Amino acid sequence: MTALLETKGLKAFYGDFQALFGVDITVAEGETIAIIGANGAGKTTLMRALSGVLTNAPDSVFCRGEAVGALAAPDILARGIAMVSEGRRLFPSLTVEENLMIGAYGKRRGAWTLATVYDLFPILKERRANPATALSGGQQQMVAIGRALMANPDVLLCDEISLGLAPVVVRDIYAAFPRIRESGAAIVIVEQDIGQALKVANRVYCMMEGRITLSGRPEALSRAAIHAAYFGAQSHDHS
Amino acid sequence: QNAAIKLGYVSPQTGPLAAFGEADSFVIDAFLMAAKAKGLNYEIIVKDSQSNPNRAAEVAKQLIVDDEVNLMLVASTPETTNPVATTAEAEGMPCISTVAPWQPWFIGQQGNPGDPASWKPFDYAFHFFWGLEDVIAVFTNMWAQVETNKKVGGLFPNDGDGNAWGDKVVGFPPVLEKMGYSLNDPGRYQNMTDDFSAQINAFKAGQCEIITGVVIPPDFTTFWNQAKQQGFVPKVASIGKALLFPQAVEALGNAGHNLSSEVWWSPSHPFKSSLTGETSAEVAAAFTKTTGRPWTQPIGFAHALFELAVDALTRAEDPTDGDAVAAAIAATRLDTLVGPIAWDGKGLPPFAAKNIAKTPLVGGQWRLKDGGGYDLVITDNKTAPNIPTGGTMEAIA
Amino acid sequence: MTILDTIVQGVLLGGLYALFAAGLSLVFGIMRLVNLAHGDLIVLAAFLILVLVNGLGLNPFLAVLIVMPLMFIAGYALQAVLLNRTLGKDVLPPLLVTFGLSIVLQNALLEGFSADSRRISAGALETASINLGAVTIGLMPLMAFLSAVAVIVGLNLLIYRTALGRAFRATSDDPVTAGLMGIRPRQVFAVATGLAMAVVAIAALYLGTRANFDPTAGPARLIYAFEAVIIGGLGSLWGTLAGGVILGVAQTLGAAVNPEWQILSGHLAFLAVLLIRPRGLFPRAVD
Amino acid sequence: MSLLQLDSVSKRFGALTVADAISLTVENGEALGIIGPNGAGKSTLFNLITGTIAPDSGAIRFAGADVTRTPPMARCLSGMGRTFQIPQPFEKLTVFENLLVAGSFGARRSEADAYDHCAEILVETGLIDKANVPAGGLSLLQRKRLELARALATEPRLLLLDEIAGGLTEGECQALVATIRAIHAKGVAVIWIEHVLHALTSVVERLLVLHFGRVIGIGAPAEIMASRDVQEIYLGIEI
Amino acid sequence: MTIAIPSLKVETRTRASSVSRLIALAVLALGLAAPFLVSRGAVQDLFFILTMLVLAQSWNLLAGYAGLISVGQQVFVGFGAYAMFGAVILFGIDPIPAILIAGVLSALLAIPTAFFTFRLYGPYFAIGTWVVAEVVRLLLAQWKTLGGGTGTSLPREAVRDMAGVGLLRDLFGMKPAQASDAITYWLALILAAATIGFIYRLLRSKQGLGLAAVRDNEQAARAVGVDARRMKAMVYLATAFMTGLAGALIYVQKARISPDAAFSVTDWTAYVIFIVVIGGIGTIEGPILGVILFFLLQNLLADYGSWYLLMLGLAGILTMLFAPRGLWGAFSDRTGIQLFPVRRTLVGGPSVHQGGSSHG
């Protein structure tokens, strides 16, 4: 069976700086994957490559067996891959509701509508007419997730959704994940908050300097190995 | 066979003033043919000023220095004639210029136009056309045919023509006052102005029944429409420049009816070419036949320019010597397609006597034709009784 | 009550300027593109209307309805083929390319239509007016003003009430993230320029009926349009209308003092606004 | 008298508070480390100190003078040298010329006077081999080194370093630590933002933890690292 | 710890630049002799080329090095020209010192205009400069003693009796017109050489280094102690001075002025921008190449009227799209040749390699 989303020897460059050195990951239908790694490991770069913000060699990314590496973001979205960007990146000149509605610009139909997103994050309904940037960080993150859901994705890519948020708020946001999974979407989360990541994920990849250095089911990974991978020292003897 | 005599000719053939240069190639082709028939060997080097004064000066230099012409000819608006004449004068190159009232031409080339004591005549630059005193006479004669309150509104832009027409010394104001007209002049406006409500309000307040001025076509359209919208309809509107060309009047739609203007040349002018013997009517007809376009006033003057060139160069002792040619020009007595021309100072103040020759001027009104389009009808000839009128002045409805 | 009339005439004139500026404001607001050929595009549209009016004997208001989609297509193509390539951090390429375009357009029109000054005839409407006692309002200027208001209301509805408008604003905020929403920024930009050109067609109608125009009449209009946009503030269409009105009133008031000051007063008003509020009167919060 | 003194400095971006009444004193010749999760406001704090952004309230004193409103240029001339987290080289100038700009303007020397000094720094920071290469052609790691070298060329009394150790190999990291120690040993005060904790703690005398723009701990590194709060917030690991 | 690098040296010259230094001297010498060697027409063509070169180099310094994209430089051409006319007509000053006065006055005008335009950035700045130019044009058009909107001509004697004309007539038997051509030409040559020399020196100085830093990254430049604002203001002032001198000189030769001509956007800014862009922005060589191309194009196509301008517009668009660094930029990128190098190359020292990629 072909994977929902798969990379084969994915490389990425910023000018002459290489950020990814042959990354292989697979995402199956309905699965939740966590990608962890230290600052600058290349996690965001991987997300950008998957979502079409960075274009790649055509045969380095596959979606249901189709080579999509060279497609631009709107085409990737049309194949059911949506992303919540690092730093949320809401549109400041749009209101909360407009930010959500623009997520549906691609007109993919499914379970997620304004009503169901408001149901998932009720606070947003109260603040629907506010400019998106007037919300607290946690609420903004909800908008960002809701906006991606509005595209009714098959794969939801989430880059550091706990970034800069208090642990309580992070917990609230993660509380929404079971509902998202119920809608059938596979989820890829990038997290520095390892505790959260391990709690929700079925499988974990650990990245280091543009390579996957460790992967497996969360319960199978030793804390020492992850800790080492996280801080970059003496990590190579695990994996 | 002698080497050909070289004439340099500068006029605006492209750009906003291109309507003035429209007849050039027709006139030049006809001239070369006539010259050949007479056994004269002339070469004409034509340069396009692109309606740009910088460019006009530049091409004049090229004609003098690179092409080594024997005589410089230039026509159409002070924006073209002045830079060329200034250059020719500085280079010691004889130059004949036309189609610009003589005041903006002469005074506009003086270092300090505001100080008549400092004005100096030129040695090489000569000009033939009418002057403001003529256009004032023509306009007031036309106005006299219509019953009015003698209150006049003036539209004078801040450009070569406008400043001369509105000048307190040489322009309209002193003469009109003397003749019992009161002039309401709100001040110089910039060309390409989008709104004339200030002027219209001033004219309304001053109860002006007559409008005059020297306006570029786009501005006149703006003004005239706005005036009608504001319910301001004078009995007479005599406007220079804007109403020269039939296309410009046609652009006004029906609102052009009975607008009046100065007429410096028309097919009914009773003059003949000294070169070809053709009458005005014949030249105009030939133009329409060749180009398919209605006749325009510059045709006659462009033609006369070449008549004068041939005449002066034939009489000059040495056509390649600038001073000799200048002397020959100064001594001209020639009956041309636009009337008799002599730089004899007739009708001119002393300072301009040497460099200016005047041509006759009459006044006319544009009349809607039955089948559409306009006719220019000469309505006043008191200034030049030998030019026949085609009708009398009518007030604007 | 001449002063009242002066102000009313200035406001109406401002409507015309706002109409010139509305398309520019749209494009400027969405992609920070300064289109120096905007004035020439207005003249191009005026010639297209003229061809239809003279050639087919159409009513000018009908002709505009035909020219609007034509100009939309031209604008779309212009953006897609040429201008999209110039967008980026550097301000030089768009300025230069549109500047080059301006020269190309002017001279192509000269070749095609000669330098004659032309006019679109609107028949009796041209001189019709409404008399309100102290002031008399010309029908065409009033229609120009109302058209400006209608265009701005229409564009605002589009921008704030439709999916396309949301896409405009989102792309303007952040093209990369907009791409993640399925929006193709280049296509959105092309549509925006197309719309701007459709508005240009309306502006052309009033330019062509108010005064004569010729192929070189563009740049003189451009500068007012820019001033209106900048006075109003980037991205605010109502601001653009206000900017146009400020310019128009400054001009008529200046002219009431002395016609010499007419155009100068407009420019000076512009500089004064810049001095007090460098980002315009109603700047967008985020930029 | 302290070298740098922040007095209840606050900064908000819209609804987001990135510096919340931060008070802080740095003595002459001191080395201070700053840690905190992504988006905590660390770089913003640098921007406030160096004048790239102005605080909404509070005061900043440097070397005895109130610099709250002075422009970055003047603060550099009075002795602040900084690196940018995202390197900002003068791309069309060579590495050597990049240093010359700093060495002649920042250190107020004539150009010729700056030659030797700049060449020395190139040697010190291991960039001498790249001296004549345009900075635009450098890799990211080299760019980060250039940031350091350029900051040094201004001959600062206070050196502000923003995440310059990320992505280095163990050996390179040790070399960097040695370089910074050497600078520090000359009496230059250092403030260093870093995620690579072992490198940071081997240089700094005090550690400051920033979270949500608030100082949540400051003290000796060992003490700070041992604190429960810090472990939970910074590492996100629930103990 | 200090590391001694005994053999360290900083070089700024390349082989090409030594050659070009010789060529430059030869060209200059030949240029000085030109009025005796070539026809008057050629001298006038050279005058045109040289004055356009000065305008182009100034605009290039402003836009290419200081990042200040102005479409209003005609304000300094026109103001310089009017200042010269004023000095000659109203105060009876000889045209040559009047040119200098015009340059100084133009630089002074730059102070109030900078006050407005420096509040603006990017495209706003461009439009702002244009409006300022319009304002100055409209104001000067009100100045009746210098002809208002009509314009005026230089008194014939002023040019004919200009300093040096008598000397040339006595020495070489030149006619006054020819002599004044020669004098204005020499002034143009000196001005062009001085402009290039000034810009080159500036770029090789510490200030030039700072300017390059500001151009590459203004924020970082400020952070290392470069006063970006002052730097830009200085460049703006210097270009105003040079442009004003050129404007005055051009109008000594034209001898006739009007506001529309002297403040023409097309003649004094559009052409100049095309020259710089087609030749290569941000290089000293670019405008030189550009002005020669422009001259050739103008001569080849001038008789085609609007087609010529149409082609020029197209050439500008195509260059911007496909060779944004201009013809010289493309050439230099490919060959590494620079006639006016400004690189400081570090040579010698313990482990410096004299690597090949010393061109940027």
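Note that the chains take the letters A, B, C, D and E in the order they are written out, and that residue 1 is the start of every chain.
We take it that a contact is a pair of C-beta atoms (placed from the backbone, for glycine too) under 8 Å apart; a residue touches a chain by one contact, two chains touch by 3 or more.
The UniProt protein names, listed by chain, are A, D = ABC transporter ATP-binding protein; C, E = Branched-chain amino acid ABC transporter permease.
Because the structure is predicted, anything quoted here is derived from the model rather than measured.
Student: Under the touch criterion given at the top, what is the topological distance in steps from subunit A to subunit E?
Tutor: Minimum step count, subunit A to subunit E: 2.
Student: If you check the contacts of subunit B and subunit E, which chains show up for both?
Tutor: Chains touching both subunit B and subunit E: C.
Student: Quick one: how many steps at least from subunit A to subunit D, stepping chain to touching chain?
Tutor: 1
Student: Could you tell me which chain lies farthest from subunit C when each chain's centre is the average position of its Cα atoms?
Tutor: D
Student: Subunit A to subunit B: how many Å between their CA centres?
Tutor: From the centre of subunit A to the centre of subunit B is 78 Å.
Student: What whole-Å value do you get for the distance between subunit C and subunit D if each is reduced to the mean of its CA atoms?
Tutor: Their C-alpha centroids are separated by 49 Å.
Student: If you average the CA atoms of subunit C and of subunit E, how far apart do the two points sit, in angstrom?
Tutor: About 34 Å, centre to centre.
Student: List, in ascending order, every residue of subunit C touching at least 2 other chains.
Tutor: In subunit C, residues 110, 260, 263 touch at least two other chains, as defined above.
Student: Scan subunit D for residues touching two or more other chains and write them down.
Tutor: 137 - these are the residues of subunit D that touch more than one other chain.
Student: For subunit A, jot down the residues that touch at least 2 other chains.
Tutor: Each of 133 in subunit A touches at least two other chains.
Student: Using the contact rule from the top, write out all pairs of chains that touch.
Tutor: Final set of chain pairs in contact is A-C, A-D, B-C, B-E, C-E, D-E.
Student: Taking the touch rule as given, give the residues of subunit A at its contact with subunit C in the complex, in rising order.
Tutor: Contacts found on subunit A: 51-53, 72-74, 77-78, 82-83, 85, 89, 91-94, 98, 101-103, 105-107, 131, 133, 147, 151.
Student: Mind listing the subunit E positions that touch subunit D in their complex?
Tutor: Checking each residue of subunit E against subunit D gives 1-3, 5, 8, 10, 205-206, 209-210, 212-213, 215-217, 219-228, 343-346, 349-355, 357-358, 360.
Student: Which residues, counting only subunit C, touch subunit E once they are in their complex?
Tutor: Per the stated touch rule, the residues are 28, 32, 34, 36, 82, 85-86, 91-97, 99-104, 106-108, 110-111, 219, 223, 226-227, 230, 260, 263-264, 267-268, 270-271, 274-275, 278.
Student: Which subunit C residues qualify as touching subunit B in the complex?
Tutor: Answer in residue numbers: 2, 5-6, 9-10, 13, 16, 110, 114-119, 121, 123, 126-129, 131, 136-141, 210-214, 216-217, 220, 224, 248, 251-252, 255-256, 258-260, 262-263.
Student: Where on subunit E does subunit C make contact in their complex?
Tutor: 63, 69, 71, 116, 119-120, 122-124, 126-128, 130-132, 134-135, 138-139, 142, 265, 270, 273-274, 277, 281, 305-307, 309-310, 312-317, 320-321, 324
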